[in-house]
Amino acid sequence: MLDYLLQQVIFALAIGAIYGLIALGYTMVYGVMRLINFAHGEFFMLGPYLFTFTMAALLALGGLPPLVDTIVAIVVSFVAIGVLGIAVERFAYRPLRAYGRLAPMLSALGMSIVLQNAIRVTVGPQPVHFPAIVPNSPIEMLGGMVTTTQLGILAAAVVLMAGLTAFVNGTRIGIWIRAASESWTTSSLLGIRVNRAVSLIFFIGPGLGAMAGIMYASYYGIMQPTMGSAVGLKAFTAAILGGIGSIPGAMLGGFLLGAIEVFGTAFLPIVSGGAVGTEYRDVFAFAVLILVLLFKPAGLLGETVTEETVVAKKDY
Amino acid sequence: MGKSVFLRRTGLIVTLLVCVALLVKVPALPPYYVRVADSILIYIILAVGLNIVVGYAGLLDLGFIAFYAVGAYTYAFLASGQFDIHLPFLIILLIGAGTGALAGILLGFPVLKLRGDYLAIVTLSFGEIIRILINNADDLTNGPQGIAALDRARIFGLPLISPTNFYFLLLILTIVVCGAVYFMERSILGKAWRALREDQDATRGLGINTTGLKLAAFAISAAIGGATGVIFSAFQRFVSPESFTFQESLLVVLIIIIGGVGNIVGIAAGAILLIILPEVLHFAAQYRLLIYGLVLVVVIVLRPNGLIPPAFNLGHVIRKIQALWLSPSNT
Amino acid sequence: MKRSTILSTLAIALMSAVSPVAAADIVFGGSAPMSGAQAEFGQSQIDGAQLFFDQLNEKGGIKGNKVVFRPLDDRADPRQGTLVAQQFCDAPEVIGVIAHMNSGVTLPALDIYSACEMPQVVPATNPKLMEMGYKTVVRPVANDFKQGALPAKHVSGKLGLKNAVLVHDKTVFGQGIAGVFKENFEKGGGKIAGTFGVNPDDVDFSALIAGIKRENPDVIYMGAGMPQLALFLKQMREQQVNAQFIGPDIGFTVDLIKQASPAFAEGALLTFQLPPYDSSPELVDFTNRHQARFGRPPGPYAALGYVNAQVIAAAAEKAKTFDRDGVLAELHGVKANTLLGPVAFDEKGENVTAPVYLYVVKNGKFELVKE
Amino acid sequence: MALTLEHVSKRFGSLVAIKDLSLTFERGAIYSIIGPNGAGKSTVVNMVAGSYTVTSGVIRLDAHVVSSLAKHQIARLGISRTYQNLRLFDGMSVLENLEVCFFTDSLPGLFRRGGHRMTKVERLKRCHACLHDFNLADVAENLAGDLPYGRQKVLELARAFVTDAPVVLLDEPAAGLNHTETKEMARRIASLKRSDRAIILVEHDMDLVMSISDRVDVLNHGELLYSGSPDAVRRNEKVQEAYLGTAAELDIVRKLTEGRRTSGGIRAHAGVVRH
């Protein structure tokens, strides 16, 4: 039983790391813009596609060792998706800033449909095999089995998250971002170029999403146009669970959702004596989410907004 | 003066034309067009219902389709061989509204404390939970297989068969629901909802129980959703979980926002656009959804307040029509 | 003002959506999901049918009349399906349809098609569809009863495996076919150690597989779509679960081997309604033509789409008049030699001989399992 | 019969905002709570109105324990308030802003505890009368958000008085108003004094406070420093030292209070930007 548990913990960590990485994109955008960026899942989906094209192009050019190819392709994907993110914000969200929160959200939804179908039309609807970036070999560990891909994903996620945290907390631009997410008006009064902070967020968020997408595709060995909408919704749930707007919250939410899903699959039938099957996994996950929000109305690490804090914020 | 007479005449003619078109012309179209019109009316009713929560009370509900599902399955349970219960359609319509309202209150309770997007995600979760439960409860709902061969709906002994029959039924329901919601909007209840949307804390400060206010919004809108679900399921004579996905919830929210939040006329325009658009785009084959998405973004960016300006609401239209018919000297 | 312009533009576009056809053309409708998550499968079916009608026209059409195929997207949505059905019914030139791919979409549409006496070839494989008593429908392709039964008999009988686990995706198709397998497997003396539901869009089965591993089954039957079949197969082999893997028709594609990797796919069993693609000159020709026409090998349901088109065309060929009545009169009596062999229908509209073949993955290729 | 605070404390995390405060407000008078920034004036208002929970102690209105009730119940008992930053319903008309105050009274009996059901006619009569009293009749149909700032302040005042609440809390009614408007506001508040009503004011503008208050309570560091008539407060040395500084600094402070008025203007501006 113990090694079974351990094995499940490993699975939970791997999937949780990916959720957490995508959740970061949602949470950063939300923190500053108060916008549910429904298109974020599509940046995640575009990552592996772009990576594949770049790899193919590099191979066609030839002359570089595979490792260099891979690194170049990763960087190209990050930058290109980041630039796309900035463009989407300019075109589809910025004109709507003064119009409440529903209009930008629905515009994001429209963007999501556009991006997903653009790939479906150009590349085709079928899932495509995606080669593993890191050679996949199993390692025995304490009675459990870890694959190198899982280790790679965990390591990459931790490095990216730590890097982002350091960036947001330690650099000048990072402080702009945090200031902008605290108060848009105050920041602009203080001379912070909020638009620049927003652009930066729409560069980093989608870029990270693309990284998560590449990891995801490499882990499962496939990519398909619809992968973003399914995983995106889950990552968004993770961001909410952790407390949307909070970067550590997104990571926590990601790992927690991974754990809940794995628990729902692996233990729910056992715990309930077979009465509740694995098909109730998502019901379980959503129920946990609702329960968490009942007791922590702003997620685990989110700043709870009650009337007390609202009054305090407005009056002082 | 001459100009205003001219305007009034054209106004009269337009009103008459719309009435004639709705009552005579549309039912005479080939059944496909009537069916599209049925779909539009269904989504108008749904959106007008959801608009109470989203537009008036300012609470984003992303799981609205769950109430529609509850209504649809209410009909399927009470008018089919599933449990061999065969109740009359109109009674189920009432029961459907009731079960919808009950589900609305059930959802309402946990979400009342939540603000903004947390509420949105909980309603989304609720919608998904309902769908998955329906899909999993094989003994009750046949799971993914759905319930087929539902009874034909009858009203006072007259069977509803063709899309045209349902068109008239839906048209009546649309008018009743829009009228009721319009009067609700203008009543003190509607004003309290708007206050809630503007500033929840200040509203509480006026001695208004915002919890009850939100519950009322959820219950009324869910009742409308439930009743619509009954008609949908009587129309299709088949229900399955596939009809109640998250995408459907989003579609209803989209209709509200595209048309103009809180504006019944806008909602009608939004429903017409978003239901007809995919039909028109059939020619575009696999480019259909791509174009659909682009149109969405462009429309929202160009008209962020909705297709129909807020001033052009149902009240405005009704006043115009009143001015046309009543005492011509009144101008 | 603006609104009325938009509306009238839309209305005009709506009216013109149904493109006019020359009076003498024969029009068949087809519908399947062509957008959304199931687009790949729906499109493959439409492509297959299109391929046949193209070929027919090259040979001069039906009695000299050109055949026009009109595919419409039903988005795998029951409501959309009824709209499509009504659209076909309203167009008098449409004298037969191939619709729909999903049982849930087909069910509410049956009413509409039968009301306008539309000859209908049903691609959806749920057994229930033909039990509803509609007279306007035929189904050339084997239903899920046959498809679930064959591998159950094979593994419980020939291979002598008795301990199975079922995994299905809680869709009509996946759950239905897993149920049929279960019934037949238990009839053959086998025992079902557990049934597990997953989501249709799941990609991570590792937690589930670790749980299944504890049951130590010797057979795993999975009723699900693609790429789920491939991913499950890959992940279970990664966890060194060596049970016999069995999947339905939808997995009979090179993608399964590619996505699961040839080493992991080795030995997997799959059912399909057609003999091997290289077993007859017609099938070889079909594969080549598909490659030439669409630039890719046949998709999952392309061959089935082709067969359905063959059947509706055969009915039209015999029809005395080129209208719905004429085609309908011949529909049940169709006896045709199709890609999947001879087709003839019983009183319910099911193909009496509808064959199902069992394939095993060997050296990265599908090989027919001979009984 | 009165509003009483009995040993009330309020803690925000580790910060003690109010320490063991006991006060009584009888009807028929105007009270002012003053004190330097951070003294806890607004905290008192927010606790009485139910916006803040009380950490310890009890707040009573007559026989009712207010501090254990929900905010809307407190308001129903008859404690109404205004806000430091305007919190009108900007998207609703001036009349509607008042009408919603009678929402609960207009409900059918099932949803309303006690009292008779108010008809639409009665409701409109009350609101129009109130608008007339507050000189807002001409803008009844205008959107509240479209009014000039001064009139928005008046509207918020009207909203606090329309229901005839026995206790009215005014949180900085003069903030952001210019000199003339402040004078006008003082006159208006003074005219609202009634024997069945206690008006409690939190205000920085000393002229306004001193001109209309019957009693002034001085808070410092969350504690009651002194309580007495305006003249007594003005004379009290403890107050002068703690609140205004030593006599030598008085001039500087005077200038600062002048300056505050302008800074109030900026805040008001920010308040408009918020929406």
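Letters A, B, C and D name the chains as they come in the text, with residue numbers starting at 1 for each one.
To be clear about the criterion, contacts are C-beta pairs under 8 Å (C-beta built on N, C-alpha and C of every residue); 3 or more make two chains touch, one makes a residue touch a chain.
Note that this is a predicted model, so its numbers are computed, not measured.
Setting subunit C aside while the other chains stay in place, the touching chains still form one piece.
Distance from subunit D peaks, on a Cα-centroid basis, for C. Set side by side, B-C and B-D show the greater C-beta contact count at B-C. Averaging C-alpha coordinates per chain places the centre of subunit B 35 Å away from that of subunit C. Between subunit C and subunit D, the centres computed from C-alpha atoms are 72 Å apart.
Here the spacing of subunit A and subunit D, counted between their Cα centres, is 46 Å. Separating the centre of subunit B from that of subunit D, both taken as means of CA atoms, is a distance of 43 Å. The residues of subunit B that reach two or more other chains are 135-136, 201, 204, 286, 289, listed in rising order.
Within subunit D, contacts with two or more other chains are made by residues 51, 71, 83, 87.
Shared contact sites, meaning residues of subunit C that touch two or more other chains, fall at 35-36, 39, 43, 170, 197.
Of all the residues in subunit A, the ones that touch subunit C in their complex are 4, 7-8, 11-12, 14-15, 117, 120, 124-127, 129, 136, 138, 145, 147, 220-222, 224, 226-227, 230, 261-262, 265-266, 269-270, 277-282.
By the touch rule above, subunit B contacts subunit C in their complex via residues 30-33, 35-36, 39, 135-136, 143-146, 148-149, 163, 232, 236-238, 240, 242-243, 269, 272-273, 276-280, 282-283, 285-286, 288-289, 307-308.
The part of subunit B that touches subunit D in the complex is made up of residues 188-189, 191-192, 194-195, 198-199, 201-210, 212. On the side of subunit C, the complex with subunit B involves touching residues 3, 6-7, 10, 13-14, 17, 19, 34-36, 39, 43, 71-73, 75-80, 82-83, 86-87, 89-90, 102-105, 107-108, 111, 126, 128, 132, 170-172, 175-176, 197.
The touching residues of subunit B, when paired with subunit A in their complex, are 54, 60, 110, 113-118, 120-122, 125-126, 128-129, 132-133, 135-136, 201, 204, 246, 250, 253-254, 257-258, 261, 286-287, 289-290, 292-294, 296-297, 300-301, 304-305.
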